[in-house]
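Letters A, B, C, D, E, F and G name the chains as they come in the text, with residue numbers starting at 1 for each one.
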Amino acid sequence: MNRNDQQAYDRGTSLFSPDGRIYQVEYAREAVKRGAPSLGIRTAEGVVLAAQRRTSSPLMEGESIEKLHKLDDFLGAASAGHVADARRLIDGARTAAQRNRLRYGEPLGVETLTKTLSDEIQETTQYGGTRPFGAALLIAGMDDSGSEPRLYQTDPSGAPQEWRAVAIGSGRDDIQEFLESNWSEDLSIDDGVEIAVRSLLESNDDLDAESVTVATVTTDGYRVVSDDEIADVIDEYGSAADADDTEDDA
Amino acid sequence: MNRNDQQAYDRGTSLFSPDGRIYQVEYAREAVKRGAPSLGIRTAEGVVLAAQRRTSSPLMEGESIEKLHKLDDFLGAASAGHVADARRLIDGARTAAQRNRLRYGEPLGVETLTKTLSDEIQETTQYGGTRPFGAALLIAGMDDSGSEPRLYQTDPSGAPQEWRAVAIGSGRDDIQEFLESNWSEDLSIDDGVEIAVRSLLESNDDLDAESVTVATVTTDGYRVVSDDEIADVIDEYGSAADADDTEDDA
Amino acid sequence: MNRNDQQAYDRGTSLFSPDGRIYQVEYAREAVKRGAPSLGIRTAEGVVLAAQRRTSSPLMEGESIEKLHKLDDFLGAASAGHVADARRLIDGARTAAQRNRLRYGEPLGVETLTKTLSDEIQETTQYGGTRPFGAALLIAGMDDSGSEPRLYQTDPSGAPQEWRAVAIGSGRDDIQEFLESNWSEDLSIDDGVEIAVRSLLESNDDLDAESVTVATVTTDGYRVVSDDEIADVIDEYGSAADADDTEDDA
Amino acid sequence: MNRNDQQAYDRGTSLFSPDGRIYQVEYAREAVKRGAPSLGIRTAEGVVLAAQRRTSSPLMEGESIEKLHKLDDFLGAASAGHVADARRLIDGARTAAQRNRLRYGEPLGVETLTKTLSDEIQETTQYGGTRPFGAALLIAGMDDSGSEPRLYQTDPSGAPQEWRAVAIGSGRDDIQEFLESNWSEDLSIDDGVEIAVRSLLESNDDLDAESVTVATVTTDGYRVVSDDEIADVIDEYGSAADADDTEDDA
Amino acid sequence: MNRNDQQAYDRGTSLFSPDGRIYQVEYAREAVKRGAPSLGIRTAEGVVLAAQRRTSSPLMEGESIEKLHKLDDFLGAASAGHVADARRLIDGARTAAQRNRLRYGEPLGVETLTKTLSDEIQETTQYGGTRPFGAALLIAGMDDSGSEPRLYQTDPSGAPQEWRAVAIGSGRDDIQEFLESNWSEDLSIDDGVEIAVRSLLESNDDLDAESVTVATVTTDGYRVVSDDEIADVIDEYGSAADADDTEDDA
Amino acid sequence: MNRNDQQAYDRGTSLFSPDGRIYQVEYAREAVKRGAPSLGIRTAEGVVLAAQRRTSSPLMEGESIEKLHKLDDFLGAASAGHVADARRLIDGARTAAQRNRLRYGEPLGVETLTKTLSDEIQETTQYGGTRPFGAALLIAGMDDSGSEPRLYQTDPSGAPQEWRAVAIGSGRDDIQEFLESNWSEDLSIDDGVEIAVRSLLESNDDLDAESVTVATVTTDGYRVVSDDEIADVIDEYGSAADADDTEDDA
Amino acid sequence: MNRNDQQAYDRGTSLFSPDGRIYQVEYAREAVKRGAPSLGIRTAEGVVLAAQRRTSSPLMEGESIEKLHKLDDFLGAASAGHVADARRLIDGARTAAQRNRLRYGEPLGVETLTKTLSDEIQETTQYGGTRPFGAALLIAGMDDSGSEPRLYQTDPSGAPQEWRAVAIGSGRDDIQEFLESNWSEDLSIDDGVEIAVRSLLESNDDLDAESVTVATVTTDGYRVVSDDEIADVIDEYGSAADADDTEDDA
């Protein structure tokens, strides 16, 4: 379909194109690809979440670019794409987790949370007057009373998927390929952290420890990995340098 | 009608074209055709539902691509098309089944459920501000106190149809032709499972057991067919290989 | 008026064209004409309703293509056009009939029911944000305590009409001409059934008994005519064959 | 103003054209002119309403094409234009008449009723999201305790007018001219009936008694004139034949 | 600004053109100019309102073309432009006058009434979804316990103005010029009536008494001037003839 | 940006142009410039408000063109631009002043009032479905228990500004330049009146006393300056003549 | 993407472009850049906020151009861009701060406030019918019981960022570069004030003390820096002159 024909159908979420596509959803996926990459790795001991942070100036506090988010004691998320949209989804996720604790006295499951968010996302793709969310999330957690690591992804269409290991955002293809080559069922959580950092180096070999953020969700709960641990991996595998490319899709 | 004329009428569900068509509904059917195929077969003993699952990476958990859905003890569904839309319809179906049990203390009939969903679908095709559902469902169940197998289909126009055996999604024509040649009134449920898998092989001879999912609804209720049973059929009739083509229309 | 000028006015039900037409209503009539034909015949003893059913596959249950509908003990309807729209109108008709029984303890009259539906249809043709119904109904019943056969038609404009005998849907002109030649005031209900089947053969001489459905509304209530009775007429007057043309306008 | 310029302003009831016209209202008047003619004649003894009925088939019940409507004991109406729109206005008129009786215990005056309807019509011409009514009404009645014959007209703009005698619908100009030549203050009600039928013959000399309907509103209330009386006038002044031209604007 | 540029801004009341104009308001003023003229003259003894009535047929009751309206004991109005719009404004004025009497037990002042109407008119010019009123009113009354004659005008923009003497509608410029030459502070009410009729003759020297309507608001209240009085002036100053030009802008 | 590009962004208040402008707000400022000028001068003793009035006919009551408005005992306003819009803002200002007195028992401050109006104005510039106000106001008052003269301006963007002396409307630049040359901190209120009238003469040397209106807000409250005082200044500095140019932007 | 293609997607906040951008948000950032610059500097002792004020006339009260805003005892903000939009956000910030005090009896944290505002901003970028806010804010405050200086920025996309030092508005790049060269962790609050003024001089060396406004938030609360202090810095580093360029983006 050429550009003119495409333009006839891409100006609304409440429209199908003649070949059955919803262009606004596909464009929202492009917004995800504009963001710095995030990834998740399920290991035998828990889930690793990692992300690259882009800062537009050395005076920006890198930590305020929130790519990893603690949702509940045993629930975390990584985001990529339009920052403000991701924040809104994260807010929804936190609210859902809290509400579940209050109502049922137990933590919200990873799959249930993912599907709740996906329902909200789907609605923005079927009714007029709103655009889809230009962000994707990775939801990580420990199900079954904290014994079963799970990793899910939401995307702008509202379709949830479970993954062993997955990357979103810019450079996604390189990172995913690296993950496919290096993932195995019996990874330890430390293996996972190492692979996570190395996979980010795969798509950008100029990373320094400050521009990478890593967290783990295990039976010990949500833990932020220290800069030193990250630096160790970078020192071993990467050639560190300052990040120099920043956009509002962080 | 040429493309320019068609474009005058295809940008809304609340518009007829001069020849009495509703293009957005027809485009939604294209969305169904983009999805991996699903099918249903009514046998003398119950109904078989089967579907192909497409995964975009070996790291994706194939089981999270939900194509077959248990709706109630004696009710199941298969979906094809836009995943998020199908999920929404399935949610509606489950809610309707639960409500019926609560209100009337008895299971919801297959025909009644199909018509309830069809009503909801029709509304998206008559009023502005929303697009049709880009998904079709096959509803399978045992009516009359679990003694009568029934198989229905919903489509994006909101018209329900009852079938002896039917396929939806990509490769639908080949599969349907195979079904027409192989279906008979007195099939056993095992016959049905075999025909179901073989019909999927008909449109894609590279299937492996993991990319096929089969379930049955009989007097014993909703049962997921084991990978081994599926593998047996594939071993006999197909040439297994990895699926390599994935889209968000699963 | 040429096509370009017409297109200026045909994109909304809340618009008149310069010559005082409402194009969306006329296009909705085209949707009716796309459907397989239905017809009604008022006889001295009651009303005959008949319809052709189109199936897209021998595996489809023809009976699930509902063209004739029992509305109440002495009320029936035949539909043509967009299936999902017709279902919606039929649902409205049944609800109206039930409500009348509950409120007033007596059956709803044919004319009153037709006008209630016509009011609902008219609203879709005057206000924006919705399209007209792409379906027409024939309403048949026994008024005056079941002693007076009546036959009405609704159309997409919302104008009700009473008929002695009338056809809607594809091939309408041929069937209507046949009815005009063969109808008389003193037909028996059996005469009516015969004329009904013969008139369908008039527009399609390949009909078999399965693709024809006939019902009668008499002092005995709503009765579905058996396949055997239909087959007898076809055997006498037609050259039976499989229907081979199916659309979602059934 | 040429066609292109006109099209810039004729797609909404909430728009004036540069020369201060509301095109949708003018197009709605065209819808009135498409309908078969109706007329009213005020005589010294009461008001005569008459209308031509068009049937599209000899099997249609001419009486179901309602052009004359009893609104209350001493109130009647004739309509022309879009049938479904006219029905809606007539429903509103009947409701207003009933409500007046219930609230105030007295019949609704002709002028008050006309203005109530005109208010409703005007609203459809000023606010977006709806089209004007494509129908005009003649309201006839006896005011002042049944002693004063009155005849009013509503039109699609919502402007009420009082008339001594007036025609609406197709052939309006010929009929009005005949009325202007034949009307006088001291007509008897029988004179009025004769002039009414003759004026219809003026625009269509092929009328037969069945396609003409006449009613009177006098101190005796609303009375439908018998076919015989009509036939007498046609026999004297016209050359009867079958009507052969039917549209949904009846 | 050429026509193409103008058309970019004239399709909504919620739009300014680049030079700060609201075209729909200006087009509504054209609707006023299409109407037959009305005028008001403030004299030392009270206010004279006068208007020309256009009838489209000798069978129309001229008095049903209401151009002058009694609003309250000491309040009257004259209208020009779109008849149905004027009726709506007049209804609003009467309601406001009644409400004031009920709430405060005293008559509504001329200025207050004009401003109330102007507020309502302004709203139609700022918000989308409605067109402005295509009518202007002259409001005449006796303020300060009936001792002070006042004459106000509303226009489609919602700006109120007080006048000594003013004309609206077609031929407004000629009439206004005549008023400017003949008005003086110390006119008697009879002088005012004479000048009013003569000013209408100024723009149309074929007027007869029936097509002119005059009313006065003085300490004696609202009074309709008799045809004889009007005829006397026409006899003296005009050359009477039948009006022959009628539109729905009366 | 050329005209075509500009037109892509100037049809809504809820749109930014690529260079970050809101054209409808800028066009609304043009509406202000079309109006006759108004101005305000803060003196040591209070604030002077002055305005030119345009009348379209010698029969119009100039005083009904309200350019200066008493809002409360120590609050006044001058307006320029679209008359009906200004009236609406003035109504809002009066209501706010009254409400403040009722709720808090004290007069509303000048700054608070200006900001309240500016909030209302800003909303019309951010949400769709309405146009901005085509009017600007000068708000004058005595704050701090009547001891501190203050002068504020609102504009169509909703940004409030405090001024020592300022002009709005047509000829604004000439007047403002005159004010900049002649304003000083220690002006008496009489000086202010003189400068106000002279500044109007600056942009239009044909003014007469009737077309100029002046008011002061001092510790004595809101006072309308007499025509004689104005005439004295005009006699000394201007060459009086009749105003001859009138528009609905007064 | 060329201009024509861009224009296909830049007319709504509820639209993505094919490359995943939301043009209206980017245009709103242009509105921020049109405004005079504001900046914030976090020091060891507190946060400095500074801004340039543009006045369009020497008669305008510069102080009424509010660029710095006290929000609460230990909370301040600087704004740039569309003045009326900034005011609205500031109003929201003050309300949030007050509400927090009332509900929880403690001051609102800087980060929480920023995120509350960002949520509100994000909503204007996802739903139709409104434009984004054309303004950015810097939020400064002392967290943790007044001991921890924090500086945040909101932007039109709704993404919050924390900064050590940051500039917004016109000349942002020059100022930011100056800040990057001169900022260090251990600045005193006086150092911060000096750097703030010097950075403004960097982008505009004609500044005088009146057109610069500076405030600090320290353990002593919100304090406005005196003109004398500002003048001292300008005297030392700048060449003062009158500002001569004013727009409504202040």
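By definition in this document, a residue touches a chain if its C-beta (ideal position, glycine included) is under 8 Å from a C-beta of that chain, and two chains touch if they have at least 3 such contacts.
These figures come from a predicted structure and were not determined experimentally.
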Set of chains whose contacts include both chain F and chain A: G
Graph separation of chain B and chain F (steps between touching chains): 3
Turn needed to bring chain B onto chain C - CA fit, degrees, nearest 5: 50
Same or different residue numbers at the chain A/chain G copy interface, by half rule: different
Chain centre separation (chain B, chain G; CA means) in Å: 55
Distance between the centres, which are taken as Cα means, of chain F and chain E, whole angstrom: 31
Approximate Å spacing (C-alpha centroids) for the pair chain D, chain G: 69
Interface hub residues of chain B, defined as touching at least two other chains: 13, 128-129
Chain contact graph, described as a line, ring, star, complete graph or other shape: ring
Interface residues, chain A side, partner chain B - complex: 5, 8-9, 13-22, 115, 118-119, 121-122, 125-129, 152, 155, 157-166, 176, 179-180, 183
Parts of chain C lying in touch with chain B, wherever the complex brings them together: 3, 6-7, 10-13, 23-24, 27-34, 57-61, 63-65, 81-85, 87-88, 91, 124, 128-134, 248-250
